[in-house]
């Protein structure tokens, strides 16, 4: 599973992209975020308030209960501010 | 009084601008148009249907009952089609 | 502070250059909206070969100034630009450019729409189109009168 | 027949050239509406020195294509162009260009507004502003969410 971080999630985590194999009980995006918090203090800080985090799976916006597959590309980021 | 014609009024009348001194009983724009019809068959044809004619006095749109002064600049034209 | 540019001219204009000129001297404008009117090659069923735009020099400029000044009263604009051409034009030629600049896009969009809608029924221009059947003066479109009238209700 | 141009790039763009490219190959478009978003030198009370725009390569282009394709379904467009920059930007720099072309101005205005409103909440870009106080990530504006939501009602 490829996990991408953007904007302040990237700067807090200190990394733009990770190749990960979460355990089988990590079934959806919310569970993945909980699991990621254990990887480092940076992950824990970036994912402390999930109401401020948005996600995309395979480049489509999804809600946190979106079910994950092993080869998904998962992105985490704050609300977007383009234009 | 300066009288200007635009678009098909100009082509029917065959002239873009006339310097005229209408008689004292020509008090408003409608009366001026009636009086102009007597000047030539072109004028009569151009001003035959006043519902198709618009007017401006001193470069402001006016209705046909607008009262005229001797040194007014009066323009006659069809509904505008710019832009 | 508002930059106001109004020009009535026979020559073509460069949209990029004109927009750049509008935003000279200020970094407060976050949004520029522009409308470009082009000569189409069809009108109804007829193929248009060319077009001639006649106008009323003096009154045209005055009416454009009035329109822009109304827009500047109604919306917080940082700049407003109107260029309208006259004379001989061919399909694809630019006829008119309206550009409005504001801090935010709402005002810029609304003001641009207002200026072009209002211009279409208040600036003294007349179009003559030339097709294979000959030349004829274009009639005013009902939709243009309605579009202008909409702004009177507010 | 519709010309669709979507680009995500670091370099600046020339509005005049891009609009000319949009209208190449057709004389059916009578109306082109464009929106240009510029970097302002203030945000709230802070003076902005510069800005960095980060995006999600791949998803950005996909989202822009989806947005344009929705606009093309909703309005009779002859062309639609979106160019969005990323990277380092300074006050007065162009950020985004949206241009829509149609036979008539109603469709062009509405579609242009739709694309910029929709893009603001669906294209994955994030702005970081730099002021005298340091660098901070910009928060999404409530008004942008509302502007995008308006189009969902129809």
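Couple of notes before you dig in:
Just so it is clear, A, B, C and D label the chains in written order, and each chain counts residues from 1 on its own.
Note that in this section a contact is a pair of C-beta atoms (placed from the backbone, for glycine too) under 8 Å apart; a residue touches a chain by one contact, two chains touch by 3 or more.
Source: prediction; values computed, not measured.
Distances between chain centres, each the mean of the C-alpha atoms, put A farthest from chain C. Chain geometry summary: the mean Cα position of chain B and that of chain D are 49 Å apart.
Separating the CA-averaged centres of chain A and chain B is a span of 74 Å.
Taking the mean of the C-alpha atoms as each chain's centre, chain A and chain D sit 27 Å apart.
Multi-chain contact residues of chain C, defined as those touching 2 or more other chains: 37, 116. Looking at chain B, one finds that none of its residues touch two or more other chains. Contact between chains, as defined at the top, is found for A-D, B-C, C-D. Remark: chain B residues 4, 6-8, 10, 56, 59, 61, 75, 77-83 touch chain C in the complex. Touching chain C in their complex are the following residues of chain D: 14-17, 19, 23, 27-42, 91-92, 103-106, 108-109, 112-113, 116, 147. Those residues of chain C that touch chain B in the complex are listed here as 37, 53-56, 58-59, 62-63, 84, 95-96, 116, 119-128, 137-141, 144.
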